[in-house]
Amino acid sequence: MSDYLTDFASLFEQYDVLAAFWVNLQLTFWAAIGSAVLGALVALMRISPIASLRLLGTGYVNLFRNTPLTIILVFVVLGVWSQLGVSLSSDFNQNFFNWAVVGLSLYHAAFVCEAIRSGVNTVPVGQAEAARAIGLSFLPAARLIVFPQALRGAITPLGNTLIALTKNTTVAAAASVAEISSLMKTMIEFRPDVIIAIFLVVALGFVLIVVPVGLLTTWASRKLAVKR
Amino acid sequence: MAKTQNVLFDVQGPRARRVTTVLNVVGVLLAAALAWVVLGKLAEQGQLDAAKWSPLFTARTWENFLLPGLWDTVRAALLAVVLSIGFGLLFGLGRLSQQAPVRFVCTVVVEFFRAVPVLVMMIFFYLGLGRSGLVESTNAPFWAVVLGLMFYNGAVIAELIRSGVHQLPKGQREAGLVIGLTPSRSLRMIELPQALTAMLPSLVSQFVVILKDTALGYIITYPELLASGRRLGAGDGNILQVLLLVALVFVLINYLLTALAAWLSRYLSFRTSGPTRAAEGPLAAEEAKA
Amino acid sequence: MRNTKPLGLAAMAAAAALTLTACGGGGGETGGGGETGGSGENVRIGIKYDQPGLGFRDGEEYTGFDVDVATYVANELGYSADQIEWVESPSANRENMLANEQVDMIFATYSITDERDQTVDFAGPYFVAGQDLLVRADDDSIQGPADLEGKNLCSVTGSTSAQKVKDEHPGVNLVEQGGYAECVTFLESGQVDAVTTDDIILAGLASTEANQGKFKVVGNTFSEERYGVGLPQGSEQCEAVNEAITKMIEEGAWEEAVTANTQGADYSYNEELNPPEMEPCGE
């Protein structure tokens, strides 16, 4: 048993597990910001007065929500970077990291949009009517009255999307980003003797990141819930 | 939804309509210009050559690559759905159990599998199963995909069941107890059937998630649609075009499934006292009802 | 469970065949007993399905150098072409498939290494490949890994050969993709300058109809990969396989297979090491 533990410890000397996890966390951070901004924008489009914007928003959601993330990530690199020659950084590796963030943002923005829309559903019609009655037009009404309440109602699905995003960063290897899942594959291929331990380390790493996020959103959704 | 949306703004007047039309035209022109630049670039790279596109519409492409791939995708997804419903029922009921230890164990299991990325599980099962000899290593990729999907989606479904039961009006359970049922019988005979009906749309949405996630199988050499497409693209030198087609197939199937979920949620809302809104799972979409 | 009635047996066999085809997803003819030997049975051969020029599956058609050598060897061992049952054997699964006796032999760019020799037996080698670079046909600036400083190199995710180049030449930019086909697309578009892996794999990629004439293999190998025939440990077929390969080389069929599968790639194999000498069996 102690032999096993020594073997296991040697794994950490040989491979930089923490650095790989750090990449996943960075991906999560930037893609969370990206998808929040983009998702809010699309949500706004979907409830806007202009029919063409609504159509665009709906099309966006249906397209990106229904495409496997792997394909999106392969596509940004294979299609946009290699064929159109668009680089997002002069640094070679940073470029792929940035493209992975873009791919992750595009995909999760569709879910953020739907989460916000479900939050909009929780806002009573009276609120919107009151906003209109005091003379607010669409954008101020959305910004000042509807969205603040909608966001509170959308905390749970938004938290779920954040958790999904955290886990989905493992697919970034498809866009040539060296992160934990590709490291895990390498580790198992070269150290099959400690396969269970490798899996548990990676799995527990995610549990450590994801469970607090889940608890936090549950707490926040209760704390911030609009009492009606 | 529709109601909130409509009161947010007035029906556009003549001036606003004119502005909108102008902006629409400008928007379409901008989009066309962008498309022109992109297509120009692609043409420059030779990606628009007929030789790269025409093979997509031949019988060989579909018979030898895409249809077998699609079948492998559907096969794995179907089995994963069935198994994850079983897993979900088992642990979902476990979390509703009267026994604290059972509840605790089930909670830990469910939270664990909800937190671990599907891809990480797939890689583990792929390399682990192959070595252990539990399944034929030829079938290891298939089982790795199915098991990875089962554990994750099963945990999600367990949560759906638990929240489905919790979301039923309290009166249902109270009525059950009043007519002399034990709590567990009330759960099985009164609450669960309604909760299951209520969560059917979410289940269909979860199927979309499962179908999409089978595409991760290409990373562990499972010959599903994406992997078959890549193989085809490797042989014919048109991987970009093939990927586009594969994405289109995925979007189409998933769009239909999502539409089915939306229809189910409206249809079933008369048959249960629980809310039938689709999807509560982390990846599942909040279904639009507009 | 022995059923003496012929009808029952037939039904059982039919059921078994059905289950097998259902599981195999239509992977060709279903195997008989699976034991090696008699010419009345099938032989299960593991190949790659996704490497044009080496092992590639297109419906029920299998092509490539590995496939050609495997067909020849199987033929010498007494199996006709329609007695061969092809099985996909991805790199990570090759040892397992042999250890669990799910294939009788593997021809899948399988390098003989001391580490692998401990768990499986090898016959051959039937080809000596070496790590090399694929570049655009009009690019003369890259003659070897040393010329890659500051250039972009593509390989598949987790490839040790690519990592080796990067470790020795830190100035190289390495991009990793799911498959070599993506790398070739990058190379064609100009975003990467070279693709690296074994020379014959590169040649196979470059010789597909769509890629012919666009790329060339540099031809300056910097490693030695001896492709062997993977056999289950303790197999008695090693000698026979070696004889078959030797015969293939002497007859000229080997040369033909290499040429046919690397056409249009501007490729010639390393003549100092090829055609290879068979290594003695049973070590």
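We call the chains A, B and C, going by the order they appear; numbering starts again at 1 in every chain.
Basically, contacts are C-beta pairs under 8 Å (C-beta built on N, C-alpha and C of every residue); 3 or more make two chains touch, one makes a residue touch a chain.
Everything numeric here is computed off the predicted structure, so don't read it as measured data.
By Cα centroids, which chain is closest to the centre of the whole protein?
B
Which chain pair racks up the highest number of C-beta contacts?
A-B
Between subunit A and subunit C, what is the separation of their C-alpha centroids in Å?
39
Find the geometric centre of each of subunit A and subunit B from their Cα atoms only, then give the gap between the two centres in Å, rounded to an integer.
The mean C-alpha positions of subunit A and subunit B differ by 16 Å.
In whole angstrom, how far does the Cα centroid of subunit B sit from the Cα centroid of subunit C?
36
Check each residue of subunit B and list the ones that touch at least two other chains.
Residues 45, 127, 131, 218-219, 239-240 of subunit B touch two or more partner chains.
Please set out, as single numbers or ranges, the residues of subunit A touching at least two other chains.
Residues 74, 78, 83, 85, 173-174, 185, 189.
Provide the list of subunit C residues touching at least two other chains, using ranges where the numbers run on.
Touching at least two other chains: 92, 178, 182, 185, 189.
If we count contacts the way the header does, which residues on subunit A are in touch with subunit C in the complex?
Interface residues on the subunit A side: 74, 77-78, 81-83, 85, 92-93, 96, 173-174, 176, 178, 182, 185-186, 189.
Quick check on the complex: what are the subunit B residues that touch subunit A?
1, 3-5, 7-10, 12, 16, 20, 23-24, 27, 38, 41-42, 45, 47, 111-112, 114-121, 123-124, 127-128, 131, 208, 212-213, 215-216, 218-219, 226, 239-240, 243, 246-247, 250-251, 254-255, 258, 280-283, 285-286, 288-289
What part of subunit B is in contact with subunit C in the complex they form?
Against subunit C, subunit B makes touches at 45-46, 51-52, 60, 63-65, 68, 71-72, 75, 126-127, 130-131, 133, 136-141, 218-219, 221, 223, 227, 230-231, 233-240.
Per the contact definition, I'd like the list of subunit A residues that touch subunit B in the complex.
That would be residues 47-52, 62-63, 65-71, 74-75, 78-79, 83-85, 110-111, 114-115, 117-118, 120-121, 123, 125, 128-129, 131-132, 137-138, 141-142, 146, 157, 160-161, 163-164, 167-168, 170-171, 173-174, 180-181, 184-185, 188-189, 192, 195-196, 199, 202-203, 206-207, 209-211, 214 of subunit A.
Enumerate the contact residues on subunit C facing subunit A in the complex.
My answer: residues 92, 152, 157-158, 173, 175-178, 182, 185-186, 189-191.
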